Structure formats: structure tokens, C-alpha cells
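Once you scroll down, you'll see the structures, which are given as C-alpha cells.
What follows is a pair of complexes built around chain A, which joins chain B in one and chain C in the other.
Let's look at the complex of A and B:
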């Protein structure tokens, strides 16, 4: 019951945050200089054309009404029409076509980072102060220091242009071919995952070391339980909570990284749509993408918090 | 200052960080003057030559010496990041202190605002701001500041809450000192160490934000040679001259590595719990 109330409260907070966030996004976009109608039609457009454009894109009514219509549209899955990027096409359709690609790359990057960090973090904690630890922690320091977009080009140079193992450009949508998507998405996902893996591995190492010093671990050891059993049952389980929390916090960085990486590898995703919108001053598109990213981040954080509350029931209270 | 350096020197990670950051700063401050070229000198006989002794980082498509440009670009990028992060600290820290000191409803209001900013991917937030404000150096600085204001505000608040009830703060209160004085003279110096750690890491990420925005063409605009602009330039002819982009990026990574190591070392030194662990 406590748990249900906890999840319900968090859901309510999520909806409220999205609402406030959408107001902010809307108002900030309204403050942007320039008339979208002029931007799309040009300075010398005929007045009646401009008026028709403003009516079609819901720009001819007061701001509050514009916001109300925009919000009720979103609730029905309608983000309005694109101004310039894909003239007059519904933005919801543009996003629906691109979102699976973005999520695919993001999840793949996350999985690579989790696998790498579980290995590196555990080894570093178990062999603390030894050579393996030094290598793992140094690699982590390097990983955090590499801009992901630079790493993409290094990967392209080595694995695509040099060794010819992976394509340098282009992405096969997972809907077309799942293995094709795995193959063509590997380099971009790897570029996004490297700094993440470094952050995760460092967190895991620290929390494993901290958990290893706890009284209950010393007690379990002195009872004569097998070290591997102690590690899995007491140390690892307790170290998982900070580890999962960090993963939740890093979702922002994954999505931020994906925005740049999509452009580099020519992946048709929400990030590249937002950048295209930014260049073309397509305000509704940028607005819609920002809201989509907001919803993704908040939902993932909600899931992470719920998982953590299951691992550590004290949290839900 | 000398004491600070000596303390930093005692920690292996911090020492590596100090050395790398020192070299990086030295390179970008005097390196440009030592180079026989200027960042805009064009040599049309040596277009896109690979790295060699005369041009350690090679030349770009205009025959400009890439190393000279990278040294100058490093200065531009670092200045942008430092300004942005400082701005974030100047706004965020007082906001966080106020939230901790006055409690609700100011605390709730400020922290919910921070939560909201936190919910956007930092790069998306920066991108969003660039669309509204337009591209250019000032707006990149503002974008970096916007990304880091909530981080500094929340950090300062949480730290201030932990020292708020300390005896020296109570004593200052009983002595009738003004709130501004207590916050500035009693609380702030005692929470400064973790804030410095955050600042050094933020400056590193600020450079990445600048480089990322400029790389996409949404940030600093050419001919100003920021590291992102140089890399964006290198992307155009990546197949013919991959060294422009890769070596410029390597230079960024080198500087960021120093800043991150410095941050890690500072954290080890300022967190007694971790210090025990590193020495034991």
C-alpha cells in the first residue's frame, strides 16, 4: 500500500513537471526573436498568405489560447505542423518515425556501458590497489575526458575507414532489420557509451568498496560463508543501489550525446530532428522535441526510482 | 596558494592533474607566441599536409598550421567554459545558500526550478537556448551557465544544510551578525572544497558543451577559432585530412583529463572518508 502511494505520488509529480516544463518551453520559444511566418514564407510574402499561414499554425490567437491548443493537441498525440524542416507535415509523425531509432541507439549505448562498467568496476574493486585496478581507473579517467563526438570520428577512422569492419555513415532502422540496426548502430552506440561506462565503473567501484567495509559483511565473512557468496549476496546487492541511481541520472547525458552522434552518423532520430529544427528555425519542431526529451528523462527517472524502492524498501516511505 | 599546491602534490591523482592542467595552460598561454605561424596565415603550397616537424599537427585546407590554431582555440574554448561556469556559480551558489538558510517556501521554489532544468538533457537545454538567443560566443556562455546553475544551486544548498547547525554558525548568529555575513564568511568558506571539485569538473564538461555546439555549427561561429569550430572545419575534409579533427580532439581530451584528475584528487583530499581508504 505504501508502495502504491509512493508510485502514485511520483506519477503525479511527473505529470506536473511535464506541465510546468511545457509552459516554460512554450514561453521561451515565444520569446525567440523573429516571426515564424516571415521565417517560413520570406520577407516579401503576400499579407493574405501570411494570415493563412498564421491561422493554419495556430499563431493568430492570444498566447494563452495558443498554449491551450498546443497542450490539448499533445494530449491527443498531435504536436502541430512543421514549419520549415518538413513543410506542413505533422510533427507527431516525424517524431514517431524517428523515436525508435533514438531509443534503439540510447538503449544499446546504455547496455554497452553497463556491461563494460560491470566488468571494469568489479575487477577494480576486487583487485584494489593492484595493476588491474590502476588500469581500470586510468581507463575510466580517459573515458570521461573524451568528447563523444570526437570519439565517434576516431572510431570511424579506425573501425570504418581503416579496418572496414563497420559502416562509417548511415543507419538501418530496427524496424527494417534488427541485426542490421545492431551492426550499423554499434559504432554510434559505442561512442555514446564510453564516457558513461567510465562514470558507471567508478561509481560501482566506490560503492563496492564501501559495501565491503560494512559490519554485516564482516559478520558474514566471520561466519565462514564462501567469499563469492558474500560478494554476490551482501556486497554486490547493496552496491547496486548507488549504481542504478547513477544510471538514472546519466540518462540526460545519453540523450544529449545521442543528439550530436545522430548528426555525425546520419541517423534519423529525434536529436537530429531537433538540430535540423534549430537550423531551420522551425519552432514547433524544436518545442516538440524538447517536450519529448523531457518526458523520456522523467519517465526513466521514475522507473529507476521505483526499481531502487524495490531494492531498498526504506526509500518508498 | 603555496599551501594548496603542496596539499595537491601529496595526492598522486591530484599531482597528475596539476601537471597536465599546468602544461595545458602553459601551452595555450605562451604556445601560440612560440609558434612561427599565426592562426590565420595561409600557405597555399602546403594545403592539408600531414603532421611533420614543420607542422606537428599538419595543416588544414587553407594551409593554416593546425597546432597554432588549436593552441589559440584552446584559449577561446577554455575562456568560454570558465566564464559560463563562473556565471553559473555566481547565480547558483547564492540561490542555493538562500534556499538552505531561509527554508520553505524559497527552498521548495528554487529546488523545483532546479529539478525542472535538471530534467532536460544538458545538451538539449543548451541547444534550446541557442535557438532562442541565436548563435555566437555570448550565447554559448549563457547556455553553459544555464546547464550549471541548477547543479551549483543544489550542491550549495545541500552542503549549507549540513553546516547550518554547526556551533560556529550558531555563534555567529548569536553575535548578531548579518545573514549575508554569516552566509559569506562562515558558511561559504566551509563548503568551498566540494564546490571547487564541482567547478573543475564542470569546466571540463563546459568545454565539451562548447565544442559540441560549435561542432554542429550552432555555437561559436567561424572565423573565431574555438576548438569546436576547428573540429567542425576538420569534419569537412575528414577523409583527406583526418589529423585536423583527431588531433584537435586529442588536445581537448588532454586538457579535460587534467581537469578531471584534478577534480578527483581534490575530492579524495577533501573527503576524509575516502582519504582513509586511499591511504589504507
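Let's look at the complex of A and C:
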């Protein structure tokens, strides 16, 4: 019961945040320079055509009404029509076709970051001050300071063009072939995950070292438990809480990375759709993508918070 | 101490134990020249002020000091076995079965992510690994120890997490869990610090039962000399990492010989008799890196003479079981 109330409350907060976020997204797009009708029809378009275009896309009414119509449309799953990217096609359909690709790359990047950081962070903490720690810590520093677009090109150069292990461009949708998606998505996911893996690994290393110095570890040893058992149940278990908290805080960078990486690797996703929309002044597309990203980030944060509450008895409701 | 107990070899024999911590290039000496002896069914009190090395002594015996600590001893013999040459793995097998420790900070001793019941289950499983425990209902046994310390319905606290219990409650639970291990030697580091008088008496009762019923030996570390006088058979007084006087509790309490012991007992008597202003021993403990050449207590001692500052005093036997580290008795 307590949990139902907790999660229910958090869901309500999520909806409210999305509402506020939608206002911000709407206003920011309105503040952007350039007339969408002119962008779509060209400088020399006839006034009747411009007027018809404005009526069709809800541009001839006051802003507040525009926002109201837009929002009620979203509530019904209707994001309006694309202006220029895919003329007159419903944006909801464009997003629905691309979202699985973006989520696939994002989840894959997250999993890679988690696996890499679990290995590197644990080794670094267990071998503190030794060579393995130095290597892991230096790699982490490298990962944090490396821009993902640059890393993408390095990966393409080495693994695709150099060694020929992975495709340099293009992506097979997971609906088409799951293994194909894993294979073609590996390099882009790796590029997105590198800086995150570095942050996660450093957090895990610090948390493990901190937990390892706690009195409860000495107490556990005094009971004669096996060192591996002490590590798993006392040290790692307690280090897990800050580790997962950091994952929750960093997860938004995955989406930021995906936007760039989709362009570089030619993946048809929400990120590349958003970039295309921005270049083509297709503001309803950009707005819709922003709202989708907002919902994803907030939902993921909610999940992470719930997981943290489950792991940390002090935070449990 | 009875005559027959004297015939039995000590359960734990410690000779010239020292522990130092590597702090960069210099070593910080925590304890040195520590000699201890404890038999089964005996409570040995280690008393002294904070920082005198009492806890380090206990942790050195159990090999629980951090990695940068260097422990050495001429002898560290437990139940006929030298402990220092043992591998870490062999030593671990002794902990939780033959050797156990109760920690000073009960809140920090529990795994914050796990419930009390989880701890209880793990400790019972650990206790069950000892050969002579097969067939014993250890859960029932643990519950009895818990009720012994005033936790009448243990099942009520089992689903709770450490942060949901008070320090006193955790301390009692920790002591009961350690007792449930039925160790041959229990080292209790200030186990009653967080407890009120009534609970303190329950704990003292538990320690007595542990030694009478199971024949355990207990090292009772405390700064409370009157508490030690009531529970302990023998007392070792520690000052600045050394044992300055050791002897039967009664003898030590009635006829203290080391000026530091005299000071400690006077202080505690004042506390007991009138709650007024305490006559403390003036001065403070020497630091680990700046130690006087002669007697460590000389800078604070009312009797200090030239000889005290010249060289460290030898350990002088006043009787077969009472010795003191002070030149006045040489």
C-alpha cells in the first residue's frame, strides 16, 4: 500500500513536470527566429498559400490557443503534422517508427556502460594503488574528457574501416533483426557509453573504497565471514546505492549522446529526426521530439528512484 | 583466582605485543611491550583513557587492524596455537567460532542495508560451522541470548533495519549475537558505553553467564574502572600504549601501586561519592610520534624523579600475579 502511494505520487509529479516542460518547449520554439510558413513555402510564396498553410498548422490563432490545441493533441497521441521534414505526415507516426531504434541504442549504451563500469570500478577498488587501478582510473579520465562525436569517428576508423569488424554506417532496426541491431548498433552504443562508463566506474570505485573502510566491514570480518562474502554483502551492497543514484543522474546524457551519434552513424531515430527538424525549421517535429525525450528522462529517473528506495532501507517509504 | 585455575595453561598468552601504523614515512607506535594472559572462565579488564591503545590491543589479537598496521609479538598463543604464523584463511576460521569481538560503536557494526534478522541468520550459520554445534537449536539459543539482554520478543526487531533501532538496542543485539557464537574468547570493546544502568547490569549478567556456563574467557575493555572492578577477575591498566600495572581486580582496586592507577581510582571514587568537580589527572597522553624517553607517564606524574625521565621503567613483579611498570617499586 505504501508503495502504491509512493509510486502513484511520483507518477503524478511526473505528469506535472511534463506539463511544465511542455510549456517551456512550446515557448522556446516560438521564440526561435524565422517564420515556419516562409521556411516551408519559400520567400516568394503567394499570400493565400501562406494563409492556408497557417490555418492548417494552427498558426493563425493566439499562442495560448495554439498551446492548448497542441497539448490536447498530444494527450490523444497526435503531435500534429510535419511541416518540412516529411510534408504533411503525422509526427506521431514518424516518432513511432524511430523510437524503437533510439531506445535500443540508448538501452544498449546503458548496458555497456554498466557492464564496463562494474568491471573497471570493482577491479580498481580491489587493486587500489596497483597497476590495474592506475590503468582503470586513467581510462576513466580519458573516457570523461573524450567528446562522443570524436570517439565515434575513432571507433569507425579503427573497428569499421580499419579492422572491418563492424559496419561504419547504417543500422538494422531491432524489429527487423535483433542480432543485426546488436551488431550494427554496437559501435554507436559504445561511443555513447564511454563517458558514462567512466563516470560510473569512478563512482563505483570511490563508493567501494568508502564502504570498505566502514566499521561494519571490520565487524563482518570479526565474525569470520569469507572475504568474498564480506565484499558482496557488506561492501558492494552498500556501494550500490550511490552507484545507482549516479546512473539515474547521468542517464539524460545518453539521450544527448544519441542525438549526435544517430546523425554520425546514419541511424533513423528520434535524435536524428530532431536534428533534421531543427535544420528544416520543422518546429512541430522538434517540439514533439523534445517532449518525448522529456518523458523518457523523467520515466527513467522515476524507475531509478524506485530501485534506490528498494536498495536503501533508509530511503524506503 | 583459584589454585586449580593456575594449573591450567592460559587460553591466551601475549608477550611483547606491539602494533605500529605506517603513516607515510614515519611509523606511529600504537601499543608496545604488551603482555597479557587470560584463562578460561576468566574476565580480564583492560582499562585506560581514550587513546591509550585498549582497542588496538583487542584488534591486534584478532588480526582486525587495517592493512597499514604492523603487528609483532614474541608470543601470541591461543589455545596452544601460535596465531601470528597462521595464514589469513586459517585465522579467519578462528573468528566467529573461537574468537569474537563486540565493537564499541554498535550503529557502525551493523550492515545498514540489511535487517537485524539477516544478521542473525548469518551469525547462526557461522556458529553452526563449529563441529560441536551440530544438532543444537541455534536459533532458539540466539533468542535466549537476546532475551537475556532484555529483548523479550526478538521476532519484533528481526524485520527492522539498523537505522530503525536505538544505539542501546543495537548494542544489546550485537552483544547477544556475539554471545550466540559461544566463542572461547570474547573481546568486548566498551560494550556498555551507550547503555543506561539497568541495561548495563543485564549485559554484565550476560558476560558472567557466558563465562560460567560456557567457560568463555572475556577481555573487557573499558574506561570505567568501577565497572571493571565489579566484573573482572584481573585488570590490566593501559597508558599510552603500554600496560603499566596488572593484577587481580581486588588488589588493584584496594592497593593500586602505579601513580596512574591511583589517579584513575581516585577520579572514579570522586565520581561515585559526590557528583562535584572532578579532580582529573593533569596533562594529556603523549602522542604516538613524540614519546618521552623515560617513563611515559612521568610528565603527568606527581612522583616523577630524575630516574623516571632517564630510562623506561622495567616491569616489576610485586607478587606472582601483580606487576607494575614504575621505578618506585624497583
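By our rule, the second predicted complex is superposed on the first by the 312 of 317 C-alpha atoms of A that agree within 3 Å, B and C clash if a C-alpha of one lies under 4 Å from a C-alpha of the other, contacts with A are read in each partner's own complex, and residues count from 1 in each chain.
Simple rule for what comes next: a contact is a pair of C-beta atoms (placed from the backbone, for glycine too) under 8 Å apart; a residue touches a chain by one contact, two chains touch by 3 or more.
Please read all numbers here as calculations on a predicted model, not as lab measurements.
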Overlay on chain A: chain C relative to chain B, clash or fit: fit
First (chain B), second (chain C), both or neither touched by A:219: second
Partner contacting more residues of chain A (chain B vs chain C): B
Angle at the Cα centre of chain A, taken between the Cα centres of chain B and chain C once the superposition is applied, in steps of 10 degrees: 80
Touched partner set for A:228, first chain B, second chain C, both or neither: neither
Which of chain B and chain C A:312 touches, first, second, both or neither: second
Which superposed partner A:75 touches (first chain B, second chain C, both, neither): neither
Contacts of A:293 with chain B and chain C, given as first, second, both or neither: first
Which superposed partner A:21 touches (first chain B, second chain C, both, neither): first
First, second, both or neither for A:237, with chain B first and chain C second: second
Lowest C-alpha to C-alpha distance for chain C against chain B (Å): 7
Chain B residues within the chain A interface of the complex: 115-116, 118-124, 127-128, 130-134, 204, 208, 211-212, 215-218, 231, 235, 238-239, 242, 245-246, 249-250, 252-254, 256-257, 259-261, 264, 274, 277
Footprint of chain C on chain A - complex, ascending: 214-216, 218-227, 233-234, 237-238, 241, 311-314
Footprint of chain B on chain A - complex, ascending: 17, 20-21, 24-25, 28-29, 31-33, 141-142, 144-147, 149-150, 153-154, 156-157, 161, 206, 209, 251-257, 259-260, 263, 274-275, 277-279, 281, 283, 286, 289-290, 293-294, 297-298, 301
Partner chain A, residues of chain C touching it in the complex: 59, 62, 64, 92-97, 100-101, 103, 105, 108-115, 122-123, 126, 161, 163-164, 174, 181
